[in-house]
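In what comes next, chain A is part of two complexes: it sits with chain B in the first one and with chain C in the second one.
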Partner chain A sequence: MKDLAQQLEHSPLRSAERRNNPYRDDKVIDACSIFGMMDQNRRLFTGNDIIEASANMNERVNGLGSGYAIYGLYPKNRKNYALHIMYDDKEALKWGSKYIGSNFEVIYDEEIPMDNLDKSKQLPIMWRYFTNIDVDHLNRMEKEDYMVKKCLEINTSGRGAYVFSSGKNMGVFKGVGWPREIAKIFRLEDYKGYLWLSHSRFPTNSPAWWGGAHPFAYLDSTVVHNGEISSYGANRRFLEMLGYRCTFQTDTEIFALALDYLLRKQHMPIEIVAKIFAPQRWNDIEKMPTNEKNLLRRLRITYGNLLMNGPFSIIFANHGLMVGLADRIKLRPLTAARKKDLFFLSSEEAAIRKICPEIDEVTHPQGGRPVVARCNEGIAS
Partner chain B sequence: MEPKNNRSKFMIDAKNLTTRKLNEKVRKAVRDGNKQIAIHNVMGQRYIAAGIQGLIEIDITGIPGNDLGVFMDGPKVVVHGNGQDVIGNTMNAGEIIIHGDVGDITGMSARGGKIYIQGNAGYRTGVHLKEYHGLRPIIVIGGTAQDFLGEYMAGGLILMLGLNLSDGIHNADYVGTGMHGGTIILRGDVRGMGREVEVHQLDQEDNRLVEQAVLEYSKHFGCRADEVLGSKFKKLIPISTRPYGNLYSY
Partner chain C sequence: MLKSHRLPEFNVYIDTDTCTVCKACVIQCTFDVFSYEKVGNMIEIEESKCVDCHRCMIFCPEKSISIIPNPVQYRANASWNKEIIHNIMKQAESGGILLTAMGCDKPNFNYFDKLLLNASQVTNPSIDPIREPMELRTYLGSKSDMFTIAENDKDPIIETSESPHLLLETPIMFSAMSLGSVNINVQESLAIAAVSNGIYQNIGEGGLHPKLKQYANHIIVQVASGRYGVHKEYLDAGAAVEIKIGQGAKPGIGGHLPGEKITEEISETRRIPAGTDAISPAPQHDIYSIEDLSQLVHAIKETTEYSKPVIVKIAAVHNSAAIASGIVRSGADIIAIDGMRGSTGAAPLVMRDNVGIPIEMAIASVDTRLNKEGVRNKISIIAGGGIRSSSDVFKIIALGADACYISTAALIAMGCTVCQKCHTGKCPWGLTTMNPAISIRINPKMASKRVSNLIRGWTLEIKDMLGGMGINSIESLRGNRHQLRGIGLSDHEMEILGVRPAGS
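== the complex of A and B ==
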């Protein structure tokens, strides 16, 4: 038996497990961790606290993906779309930069500063471009459509280039590693924002690669997710019919695309979007007052293919907005808390208390009911 | 509380300790024969008191992580703060007393012991609670709980007091879904129940259990026990001990 165990230990197939489970326990029980923190008065703060909170949930994850989204990040270039792109190699970088140059007006571009902590490994190439869309006749909606279209074109080009952040005055940083590791690699101590999301990953049924780490972002919307979407196939087909493409080999990007469609294109309030992602059961809908019943019936019939089946809790953010939502029967954890103007969402209460011991209010949201926090406004749930 | 007791307590500072390091310390303290252990600055470390046997008292200040008291067999764990998810997972015997609220699936598959929660509980409290011969677990919730209370319950007792409710209605639906054993006793009404349960009046034995549990709750957290006991209770028990018999057999 011992010989067999030793053999397995040196097999390349087990190499991932040795990283996942350095203690060689028989079973690893893990889940992703999500965390969000927002100053409702838009005061900027550093990432120290959120990195600490995220690292406090290391027990949930296995170091195969972490990421951060920061709002209020580029005040000097607040009017430009900030594109963050990861490249496989220099050739991809050359292609990507040329593509960006021919489709956008580039105000400024640079390599995203990164520290390689482990010299034995090579980091992917990360570049950021501050751009304008220099097409005069387009209105705002058309410009945003143009941006999403170009992002998807790059991501499906097969050239090894992936746009993972494309909003204004915000940005995503993500990769394969532990929360502290990724924060160090991207030198997050140099950045400030008024709203931070973080995610740390335990990949279950999709590969662990730099693009597959959360958050997922299109334009100003970002999403982090704990759980899995069993209805991925149906959701994907529906979104593909609308011209979207899935490019990151991970179920969570469905949320990002669906949010772009429902919130930006269809102008739906987030409360209605929550009813589409996590609707009530039919027999509960039947018990409701007529108006509500009709609305919910129509939503389920029209947008049934955007029902996110399976266990999940997500945090979604946009400028001035942070929303937490768990699936309708609450199969993944979500805790909300507030301390004066600071609003928190987290997989675990301990992570919040780690950075803010004296919380004014803690709640455990109901499944399918979004917790919505907006800047300069109270929490309405 | 009592300084004399404190002196004999084995103290552990959990600040910045990983789950593994903290549990190594706790287990070593138990191996060394300490009967009273106090852990401070707990901040999300998991599996505290996991599988520990014997009459040991563990006092926790802070917020313990998931799976507090998992597989525990005998100890008394007191938490001064809120708890997280899966407290008392598959515990065999002992007591867990939480001075605060707890997260989801408290007491999952527990087959013995007592869990006392001062405040509210999350989803699926007491999911698949069971009992075996003399072992009968009990979960007492001082406040209210979210949906699927006592889901797939196979034994034991859940008592929910609703002390913090103004209208006497617990905002919990699907209570007792899939239940096929054990008893849920409620003070107040719930928003909805699973179709596997029906409502009954309390009998003499139930009243005795409720009185015992409320007095114990009052001892831990303080409440007007006589006032609570004077109010109306109802109990939910399963219609069938084998609700899915027809589904899986042919």
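== the complex of A and C ==
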């Protein structure tokens, strides 16, 4: 592993895809724990509970990657795109800052404060930029397209710069370590949000590097994922046909990009997207009332290549929205729970009970049935 | 006639110790290899006529007949081998084009056998098809780019209009075999098998026989360069219409059904006089360019009132990718690509064995090109020509096809032994002959059972392979080249196929 790391340091190809998948395997494979917590009244809370819950699932992971996404993070700059970018070194930082400066209007930028817990190791440089897109005549959709395009460009630039998140009033913090370690390194006790996602991983074929940890985010959308998608090749090809580039070569990124396409570009409701990712069986579709049958049939015909086949459970978040979904035959665990205004999604029920022993309602959703929670709304499944 | 300089290709022996002189061989052989000699009560053998079809051996009650390739060889010469020498001799005797049938029989155009499949281990579970549902249902047709979904009384409704599709319960269909290339019993057998398996039969360019009308929901009708039997009712009858531009066995040339095969029955469906040669032109004479194709596609759609998908079939040739891209823009719903190992009822040998490219290469390059141009999802792709097994079906879908066409395999299921003599009209198994005395050897009830069994067997095998990969729906295999690895292929070949070497 050390040799490989050294080799990478001297490699001119420091783009995310080379970095995340140095053995050039088909894709990166890992097992994981996932956790999500949302206050449906948008009250801000610290990460103490979610860190505790994630640490309770250490059995599922091996300390080679953890991460958090926080919504409601930057209320003062809520109108700016907050870019969280990791840099390999100062040279990369110089390049990245110049690139950001020439493509965006930068309102404010700073180094993300970090504590180095192990002085024998060097931490990567983390920087955040609050930006506007000051390109004339772009409507909202075009501005968002512009942002996605720029993120993909940075990740594939080979300059050693990697965008972790690019949404408004939200941010992703992730790196190599156990859930508690990463929380400490990023001083997460200083942050508050109304929606938190966490993820810890057990990678099998990816070196421990900071960019490989979850969550994966584009604009305001964030995904954490547990599982392996056997249809990866088919899904990836379809997304590439649409002009996307899979810069990290992981299943999770496939979810992030597919969600970007279906939710943001095609304006589909999340319930419909769930039916594309994990559709009902043809036999079941045939038995449905005409309208529903036609809808599901056509979704499968048109978006068959976005069916996510293989074991997965995901938590997807956007402002005011948290969704859990497991594959059609539920080969990965997913639990949903509610305590008053707090809504939880987790790989394990034990993790929820660890921080909230008395829950009002708990469900283990069937494969392919999304659990959707919106702010100021109850659990709808 | 000039004396032939060729020795017989096969030696035919009858074991006189066991032969009862029942004359079954005399009746069964349509090439007149056997005749009964009253004097001496024995069977005479004229082995130069033997085509090695095995009909006599199978039907000899005493199993007294054996056929072996003639062991006599010419002096060893890698360049001037037996086949080359014999072809020259045949042409020196006849002065004509060498005719043959079935698909290219040369060994060096096969990539299926050099592709290996993946399976799940540890990090994702394989799925057991005996215990879990496996979905092979496939829809063929064009798909919309954008979807507008409206909420209507809480029920989401798709506002985007829908184009017609073919529904296949397993991604296999019967490739075009016209009435004339095969007889009505074969067509009916395939139709019955298509209906019972929820798939489709393409009836080629010979028109629609009245007997087939009851199966029309599972029939694809063809519009080829000869336009035999094409009229509004014909176009309306089928589930889809296929415009045939070319055929893998003979790209660039038309069809030729010899007058000997134009019986009264064929004459009626083709709408041509009995006994005349049916010669389909090389090109469609109203299609000299892509915009002409577009006009024909739309003419057919207008005629059938946009009720069924239009397929455009081309032979796999060097610039298939560019042509396919044009076909997408012509308004067609489905592209069928026929590889160079595809079969034919009759073709010049020189065309069959030298023109075109293998289907694996064609599908890989077409799928890649359409993907790059962002139009792959607008159209469905059918691959044909050289698909021999469930694993070939599986691999071609992983390379990018939606479904495949088979014909040789279906004929073999009914008795064909690939003796490559379809063009003679003498098929001893009763498949490609129009002689009613021989074609009764195919009983549609029995023959369709064999074909159905084959489709069922392949379907089960496809489910096994899918489950092994941890996939439970065929659409997750389509274009999923990550599940393939190449072995014994050059870097360039793997680049075109879009696969990586085994072990990487």
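Please note the rule applied: the second predicted complex is superposed on the first by the 345 of 381 C-alpha atoms of A that agree within 3 Å, B and C clash if a C-alpha of one lies under 4 Å from a C-alpha of the other, contacts with A are read in each partner's own complex, and residues count from 1 in each chain.
The definition used in the following text is that contacts are C-beta pairs under 8 Å (C-beta built on N, C-alpha and C of every residue); 3 or more make two chains touch, one makes a residue touch a chain.
Since this is a predicted model, take the numbers as computed values, not measurements.
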First (chain B), second (chain C), both or neither touched by A:269: second
Chain A: partner with more touched residues, chain B or chain C: C
First, second, both or neither for A:307, with chain B first and chain C second: second
Partner chain(s) touched by A:329 [first = chain B, second = chain C, both, neither]: both
Touched partner set for A:166, first chain B, second chain C, both or neither: neither
Chain B versus chain C as contact partner of A:351, first or second or both or neither: first
Touched partner set for A:57, first chain B, second chain C, both or neither: first
Doubly contacted chain A residues - partners chain C and chain B: 329
Sites on chain B touched by chain A in the complex: 18-20, 43-46, 62-66, 82, 84-85, 101, 103-104, 120, 122-123, 146-148, 171
Interfacial residue positions of chain C with respect to chain A in the complex: 120, 123-125, 127, 132-133, 135, 137, 139, 141, 143-144, 146-147, 149, 155-158, 162, 165, 370-372, 374, 376-377, 469-473, 475-483, 504
Chain C contact footprint on chain A (complex, rising order): 24, 26-27, 29, 31, 204, 227-228, 230-238, 240-243, 266-269, 272, 281-283, 291-292, 294-295, 298-302, 304-305, 307, 309-311, 328-329, 331
Chain B-facing residues of chain A, complex: 23, 56-59, 329-330, 333, 335, 348-351, 353-354, 362, 364, 366-367
